[in-house]
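The structure is given below, and queries will be raised subsequently.
Residue numbering begins at 1 within each chain, and the chains themselves are lettered A, B and C in the order written.
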Amino acid sequence: MAPIVLRFFTDFFVYETTKSVVVKSWSVGIINRVVQLLIILYFICWVFLHEKAYQVRDTGIESAVMTKVKGLGSYPSRVMDVADYVAPPQGSSAFSIITKLIVTDNQTQGRCPETDDTFTCTTDDDCMNITGSHLGNGIVTGTCLINNSSNITNTKGQCEIQGWCPAENDQVNVSVMEGVENFTIFIKNSVRFPLFNVTRGNFPSSINKSYITHCNHDPIHHPFCPIFKVGDILKLMNQNLSKIASKGGEIGINIGWKCDLDHSVDMCNPQYTFTRLDAVFEQSSVSKGYNFRFAKYFQSPGGTEYRKLHKAYAIRFEIIVSGNAGKFSAVPFLINLVAAFTSVGLASVFCDIILLNFLQGAEQYKAKKFEEVSSVQTVSEKKTLPGQPKVNQSDGKEL
Amino acid sequence: MAPIVLRFFTDFFVYETTKSVVVKSWSVGIINRVVQLLIILYFICWVFLHEKAYQVRDTGIESAVMTKVKGLGSYPSRVMDVADYVAPPQGSSAFSIITKLIVTDNQTQGRCPETDDTFTCTTDDDCMNITGSHLGNGIVTGTCLINNSSNITNTKGQCEIQGWCPAENDQVNVSVMEGVENFTIFIKNSVRFPLFNVTRGNFPSSINKSYITHCNHDPIHHPFCPIFKVGDILKLMNQNLSKIASKGGEIGINIGWKCDLDHSVDMCNPQYTFTRLDAVFEQSSVSKGYNFRFAKYFQSPGGTEYRKLHKAYAIRFEIIVSGNAGKFSAVPFLINLVAAFTSVGLASVFCDIILLNFLQGAEQYKAKKFEEVSSVQTVSEKKTLPGQPKVNQSDGKEL
Amino acid sequence: MAPIVLRFFTDFFVYETTKSVVVKSWSVGIINRVVQLLIILYFICWVFLHEKAYQVRDTGIESAVMTKVKGLGSYPSRVMDVADYVAPPQGSSAFSIITKLIVTDNQTQGRCPETDDTFTCTTDDDCMNITGSHLGNGIVTGTCLINNSSNITNTKGQCEIQGWCPAENDQVNVSVMEGVENFTIFIKNSVRFPLFNVTRGNFPSSINKSYITHCNHDPIHHPFCPIFKVGDILKLMNQNLSKIASKGGEIGINIGWKCDLDHSVDMCNPQYTFTRLDAVFEQSSVSKGYNFRFAKYFQSPGGTEYRKLHKAYAIRFEIIVSGNAGKFSAVPFLINLVAAFTSVGLASVFCDIILLNFLQGAEQYKAKKFEEVSSVQTVSEKKTLPGQPKVNQSDGKEL
């Protein structure tokens, strides 16, 4: 039995390698090396240095954002502070600064004329037709209210609605809150790259209190100051404050973390960019700007509930955090190294085409490269088979 | 020195290519070409046409969502508008439409009996045992309050609590707000693919005001209308309005942006799908539906604070935006082209197995394909080594 | 024409395979097999078993989170319930539990002295200099108010501001709400992997009502209980309740779904981890903790609006959901199988280096592996070219 086992091992532990043809030709040799050089350069410069393919990447960051707005807005008769104009007040990553308010005071449940022009009527029938409309301030009762007081006989009236009365009239002109450009937004953002267990904050802990109470973010001079002046943000985006304050709008503050953790973690700092999120709807004929309605509810000493309805035009800020960190890892490094090595071998595909088709002496190279064997015959029969072409024959031995 | 340099260059600029055996066999030739064809077809049809592997993809979209609900809900005695039933009012991507309210009026800080059945008692000891319970409406004081008024002597009472009094009784039957099926949700969604710097809105800017005031989204007839009727959404999901309005629930509106930016950017439009987000808890015996508590605070002229507690059953909507855009890029195109070319070469692995094992004349092919060289001997010694098998010898020269 | 077509087909359906040199050497044969074994082991153990590269992965989950806080907090004089201390009340994935409140009562629009120390003054000029400051509670009018009442003549006063009066003094010491450690957070989280259309909830539907009313999450004993005691969370994070309750803070509850959908879907369960999100700012000298301001608005019977300003210190909770599910798919399986096969071939690169350089008889192997052909000459001319080295000649025929 021993010889069989030996034979098996002798057969198993053989090493099989491809037989190669070495072509001593300057032209194809230079082409070969140049192509190989290009492939190596591509891998070194693009894949390894630019794309950092030797790193494992983490883009699934955990991010926490806290914001705090400061500043005083003023109307002719009153001063608004943070508790008045920031909604919601919790300092989350999305918040609105209310810049214009249309207030409808002392609303109670009842019946009253609708204010909107589309609800004008001359007879009750006009109003019966639009019962069930959901675009007004209340449910249309079907009665046309014509105000005949003050000696003038109107022929036009307004349909009566049931709901909160008096109905809101949002066509009035109201002034915009002043001082918004001086408001500051303080952003506290901490991110964690779970893959590397690296946690970073958006300002260094070395920053001192006096700096932070006086600094304003500036992309060039104060890139790490976490306090943003609304006016500066709008200027960086080429937006007009009075327009956005009057119509409302949405602004995105993008915090981009692009970190190479092979370097010091202290160099992992955020980059801030600003975009007008509703820019794509600017050209639209409908629904420009941003507004929402909310109410404050009161109760009279008698127990009747009444409310103050607010239509608020606001600038909405959204803090959008994205992260992308990379760190050296053996697995992607090896994979790309192997890919580089195998790709270098691809030069020969290109050179083979040149060698076997376009080079002087191509037939000779073909004869050397290809060795022919015909099928289904034994070696002795082979030479006499008539149907087989003998063009590619390579060995003198067979002739 | 010149000859050495020349020799070095002569050696360096050689081109090395594999020596090939050309097998003129119909069977293996056809198998080879068929396998190659299958591999090419796989790459063309699946990798390139279906998976669009020649594109670089961007899934990390920046998205901004603004919502606006319209509609009037009605209770027997009162009409509710947006400011009443939408929470939070800011029109963010997640909002609730309150459909049922259990109101507890005129609560003040004090002591009163608990309402829940689990707090029934006959003696103070019953209540002492559950001091520290956090499931009631207030802190259990340890006193059992037995209502003996009205001539009937009760033996059962309720434990006294300290907190907001009177305690809420959420077991009462209250009616559901009517009209929810006619509410409309207007969604303004802008997305940006940062990699391609392409920004899109969820409705074309060409859409006109009269269309938008009258259209309702419909997957077939009005796929780009950004206004969604609550009743339509529920119908598309096969949900029952009265059930969801009474218990509360969570609905996801998915906006999927799947864009091929090699085509016109105008064809990059969103697709809307709707899911019941809490569907997985439907079978659960606990915590069906969705509700939350909030209070409105009032102050009496004397300065006492009192509040109106609301247990709100609501339909919560969440707008979930996902994006996936692709655009031709040289790098993935080249990588996949190279992968395709090298994969075609894999056909030979399969064909070699057939050729060398299952084909008639396999021994002859083996002899042609493999050329043997034994180890550790010089050329002259080789022929006399006894331990080496001579099966695979390939050249007549060596015999 | 028939013979030409036949010839074309004969030429097309040939099979071309590399000619191989079989080296019968124990050393290089063993090295070859060992390297191949290592590569195969790497693919089986790491790529297939550990990294599960045969699966297609879905990380873009759709997640819906609903939270509900329960518990009663107590101040010396009053009891707070959920409607009082949770903000916003809607039970979304981010919410704050207010633990400390600095209340400024009965604020109306008017003029009054600023409270902060930085606004002390002796003359009006001191106040004129800081007109326009946005850090106070109102707009500095430029008047210095010196309180000379009560027989004592002060030389120090406070600048007058216009705004909500009296101004808030947030330097007062107020007590922290008690009972926070016993609050429970109920989390309902449903996730959907859109690629596989698999939906999962964070607790099994088999869970019964009595279990859920009594269980508290515990990583070891109750890993699927969806109710988290605040005290337990803080203990797991080694945080001090009284410190976080007094200064405020941010806590992240991470729900990680790592699912292998090749196994039963019932084994796809969440893992909960807790992090202090603002940990990175702990060392910072500025802006520790978390607080925000909000106001409750009232109206006196006469119609004057007044408000109650709250500076709320709170623990903010953010539920962060991440998902990663994998399932067998033919495409990645085939791609990695092909990669494994081609990588096994890389063993020969390594062995070739050994064979041709370091092994005894390397010259002999070289002669067998490389067959030389020189350029630009016909076969007959080749032998007489003087400049070409004849070292690598491989065939006896040419000598």
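Throughout what follows, contacts are C-beta pairs under 8 Å (C-beta built on N, C-alpha and C of every residue); 3 or more make two chains touch, one makes a residue touch a chain.
All values derive from a computational prediction rather than experimental measurement.
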Copy-to-copy rotation for subunit A and subunit B - C-alpha atoms, rounded to a multiple of 5°:
120
Call it same or different for subunit A and subunit C: same when shared residue numbers make up over half of all numbers used at their interface.
different
Per the C-alpha means, the centres of subunit A and subunit C lie apart by a whole-Å value of 16
Contacts with two or more other chains occur in subunit B at residues 10, 16, 18-26, 28, 88, 298, 301, 342, 368, 370-371, 388
For the complex, give me every residue of subunit B touching subunit A.
10, 12-28, 60, 62, 64, 66, 68, 70-72, 74, 77-79, 81-84, 88-92, 179, 182-184, 186, 188, 190, 192, 194, 199-201, 203, 205, 207-209, 212-213, 296, 298, 300-301, 308, 331, 338, 341-342, 359-361, 364-365, 368, 370-371, 387-389, 396
Name, in rising order, each residue of subunit B that touches subunit C in their complex.
6-7, 10-11, 16, 18-26, 28-33, 46, 59, 87-88, 94, 96, 109, 132, 134-139, 162-164, 250, 252, 254, 275, 277-281, 283-287, 290, 292-295, 297-299, 301, 307, 309-310, 314, 316, 318, 320, 322, 342-343, 346, 348-349, 351-352, 355, 368-379, 388, 392, 397
